[in-house]
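All chains are identified by letter, namely A, B, C, D and E, in their written order; residue positions are counted from 1 within each chain.
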Amino acid sequence: MNWLIGAVLFLVLAPIAGGLIAGIDRRITARMQGRVGPPLLQPFYDVGKLFEKESVVVTTAQNFYVLAYLIFIALSGALFFAGGDLLLIIFAFTLAHVFLVLGAYAVHSPYSHIGAERELIQVMAYEPMIILAAVGLYMVSGSFYVTDIVTTTIPAVLYLPGVFLGFATILTIKLRKSPFDISTSHHAHQEIVKGITTEFSGSTLAQVEIAHWYENVFLLGFVYLFFAWNPAIGIIAVVVTYLAEVFVDNVTARVRWQAALKSGWFAAVIGIANLAILSYMMLGGA
Amino acid sequence: MTVREEQTIIDVALENLTREVERVHADGYRLVQIGCTDLGGSYEVNYSFDKGYQFKNLRLTIGPEAEVPSISGIYWGAFVYENEMHDLFGIPVTGINIDFKGTFIKTVEKYPFSVTRKGGDSCRNA
Amino acid sequence: MGIFQMTKTVLRNLFGGPATRQYPAVPARTSSLTRGHVAFEPSTCRSCGICSRRCPCEAIHLDKEAKVWEINRMRCIACGDCVEGCPFGSITMEQTYLPPVVEHVVERYTITYVKPEKPAKKPAEESTGA
Amino acid sequence: MAFLKRSPWILHYDASSCNGCDIEVLACLTPLYDVERFGIINTGNPKHADILMITGGINEQNREVVRNIYEQMPEPKVVVAIGVCAATGGIFRECYNIVGGVDKVIPVDVYVPGCAARPEMIIDGVVTALSILEEKRAKMSGAAQMKDDARHAEQAGEST
Amino acid sequence: MPERIVVPFGPQHPVLPEPIHLDLVLEDETVVEAIPSIGYIHRGLERLIEKREFTEYVYVAERICGICSFMHALCYCQGIEEIMKIEVPDRAKYLRTIWSECSRLHSHLLWLGLFADGMGFENLFMRSWQLRESVLDVLEDTTGGRVIQGTCKVGGVRRDIGAEKLDEMHRALDPFEEQCRELGDIFLNDDTVKYRLQGLGVISKDEAYALGAVGPTARASGVAMDHRETGYAAYGDLGFKPVVETAGDCYARCAVRVKEIYASINLIRQAIDQMPEGPLDVKVKGTPDGEYFSRVEQPRGEVIHYLKGNGSKHLSRARIRTPTLANIPPLVKMLPGAQLADVPVVVLSIDPCISCTER
């Protein structure tokens, strides 16, 4: 029952790994800014604190939506690490974000609503690319199942450089990093306050935070798929990709949502071009 | 290249105000500020203009009841000063382009600088 | 390179170590002129009252009869006007800052200056309270 | 379980200060002082904040704003008044539009003296506030007490 | 027909440390109309003149604003000195110039930081404020206060800067300038910064002049107006030219301030080189009787202190017109058409100092 072990391990370990990654991220960011930065375990303190706080419930629907968001994010991650179908995983993943947007819409705050709108724009921006990434991996490995993609011996990234580049671009959106941290951001100040999470507080916000951890681990897992033929290279690639994201976060200003949308689709265009060339080569070769 | 700054003050009557301001505007002056002074029985309103560091003041002296026409039709930006004039001094200004109607600066005491204010400005936190 | 203009600064920060002054571990940076807080020497004060008249915040209160000099720490802006004005050097500016408090502080000193003889040195009475 | 002490999130509001204390509060976030070392984040969102830092005295128009922000913050929370203006109105005390210190509108837990308060003093103020925050949390998780009770009791416990 | 929503912007808002309130009418995310409302920090400082003697009021003038604190005191003192016909010693004038320019440096660096923060460029914010700390250290070493200096007084200055300290400052200027230029290059050349700033909040030269814009806001639109040209304090002796840009957008306003930082460093260098010896102050006798509009160029633009004395120890009127108040009409004209994401950037581009504005 390998798949069950993978799923359970993910559900248990991902929050720990995600929190640690967030902690490392914050420390590196601080160093890049010439500061000392918070303790490594700071994200855990934050979430722990949020559970200690009084929960100001604006509407009960909000709690339901946020919980659903957490569950679906965890589910998509679990499916992924269980070696499930990529398309199903992406569907669950998208559904999770729909719940988050609904949660933000459930409260009456203009900032929250604008944040929700921008989150939807983000979904539109990254969705094509994420599907293309799945298609690309399918073309290389011949399967949509993560189990098959991981066990393939073909160096996927060599066939899919454009897809990987596009995926790295939308990764910036997904990790909520500058320049695309338009709907909410982990640090810094924003014109829409905290955007989509403005009205969440206490344990609700903590759930959003944990969902982010799951999400980040899942996304890094996705990055690994491109390098899956060699685990060592894969892990290095994941680390380097993440560090590059942190670096980009620190050397750019936030752009407007129009640019985020354009960048997402531009990434998709690169991806499509890559796939077109690939299929031409494969057809030619066949 | 130091420019010597000069300051001139010209008294104007209320009925000539708009005309005088228009003339200053036509001369290419920019509006620097509008400020009032409470003379204890009447107000002194200074319309200050500047062109190349030459400082020109139109001085209007009015009684507490007089209404002042807005110059925001000539200098669009005059509304900030005119609203302030209304909120702090209680001088009615007519025809401001963006009239906040007394909400530009909210004060506990109404018209804290007005001539009709007598005593009553005790320090409440002593 | 237009897009990663800040790279140099970021890399220098990353590898050059943080610029942070580790405050509670390292004492606060002050200079000889730093206006921290006003200190009072009760043994030299001749109750002239210049300080309390000059104070722009009315933080200083002098009771000549009771020989009490008070400073309301919650009003004092540490401008140093009283220090400059004091003809007897009873008020000085200290470089250290006052710690945060949980309620208003009025410091009260009893003036111990004795008129013709040498100023007697008595320990300053100090009480804290709102 | 004292996570609260390790992760105080700050909300800063400028009531009617001269900017002196405001910029010093912001300076606390910057590399030389870096309060993130203590897990402090400036959230800018009352719903996420634990510590409300107020600079400047209360005037007529911001009175409601300050109260509103305070009420939006979830319990437990503390208020730190920064600078003498926030304590009593300072040099502006006698102005016609100044009502007085922040404590005229909402309960204040810590006063940081100074004009302008320095970043080091502000850090000290936050550290003082943390222990009060912890006490409030302990009260909250204890017997179901009225919020007002907790507020009074905490003042008695502050004399350390 | 896009839906119109009204978004209240401020008074408590993370991007703006100060409470300014704007009612933004949005169509999707585009601003159609912006109505500012102020008054959240109105204190009524002008009337404090009734309670403070004219020499004591300097302390109040300093606290009109904690960022341009020294310049407010300077403007006030120069006004009184003009009314009372006091000739300030040369050394005091030079010291005033040095402190003014230090204040400008710290104010501009502070603004650059906030501006970067408004664009979501957190690292640049940190870097600007890190550089600003070295200016604050100099200010603290020479005046005793980081943000409120308290050294200007009617008739001169209260403190001297020793020859040794002047030397040290002079030596520190070169490395400091280098760091500032590196910072300035990021603001002026980074693509994401340019993307956010160029073509945003454009105001033409004629418009800027007609709306009464002052300071960097006016100079960025090509209006060459800088009060330092009138040669108050020691500016008359120093080579000085206003920094002017022509584009009139947020990028130009940023560029003006960046270049003013270099200009300020240069001015400080010159002032230290030419520093005359002599007394620091003259004794102030009598009381002011008369009126004067004292004008000084602050980091944000021209500030005016209208002072009117009646021969008693208390002035009869002090009217303070601060640069931000004059820049509000241009701001109201700049906002429509901007994206919601750009609102903080546009608002910050005039360098609003609400505390000054509302006094």
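The rule is short, and it goes like this: a contact is a pair of C-beta atoms (placed from the backbone, for glycine too) under 8 Å apart; a residue touches a chain by one contact, two chains touch by 3 or more.
Note that the structure is a prediction, hence the values are computed from the model and not measured.
By the document's definition of touch, common neighbours of chain A and chain C comprise D, E.
Considering every other chain in turn, the ones in contact with both chain C and chain D prove to be A, E.
The interface with the largest number of contacting C-beta pairs joins chains D-E. Of all chains, the one whose CA centroid is most distant from that of chain A is B. Note: the chain lying farthest from chain D is B, by mean C-alpha position.
Here the CA centre of chain C is 28 Å from the CA centre of chain E. Chain A and chain B have Cα centroids separated by 58 Å.
Annotation: 43 Å between the Cα-based centres of chain A and chain E.
Shared interface positions of chain B, i.e. residues touching 2 or more other chains, are given as 106-107, 112, 121, 126.
The set of chain A residues that touch two or more partner chains comprises 30, 32-37, 187, 189, 193, 250-252.
In chain D, the positions touching at least two other chains are 30-32, 34, 37, 42-45, 59, 61, 88, 91, 93-94, 96-98, 115, 118.
Taken pair by pair, the chains that touch are A-C, A-D, A-E, B-D, B-E, C-D, C-E, D-E. Residue ranges on chain A touching chain C, taken from their complex, read 28, 30-37, 247, 250-252. Those residues of chain B that touch chain D in the shared complex are 106-109, 112, 121, 123-126. Interface residues of chain E facing chain C in the complex, by the touch rule stated above, are 52, 56, 59-60, 63, 123-124, 127, 130, 137, 140-145, 148, 150, 158-159, 182-183, 185-186, 189-194.
The touching residues of chain D, when paired with chain C in their complex, are 31-34, 37, 80, 84, 87-88, 90-91, 93, 101, 109-115, 118-121, 123-125, 127-128, 132, 155, 158-159. The residues of chain D lying in touch with chain A in their complex are 1, 3-4, 6-7, 9, 30-31, 34, 36-39, 41-45, 47-48, 50, 72, 74-76, 137, 140-141.
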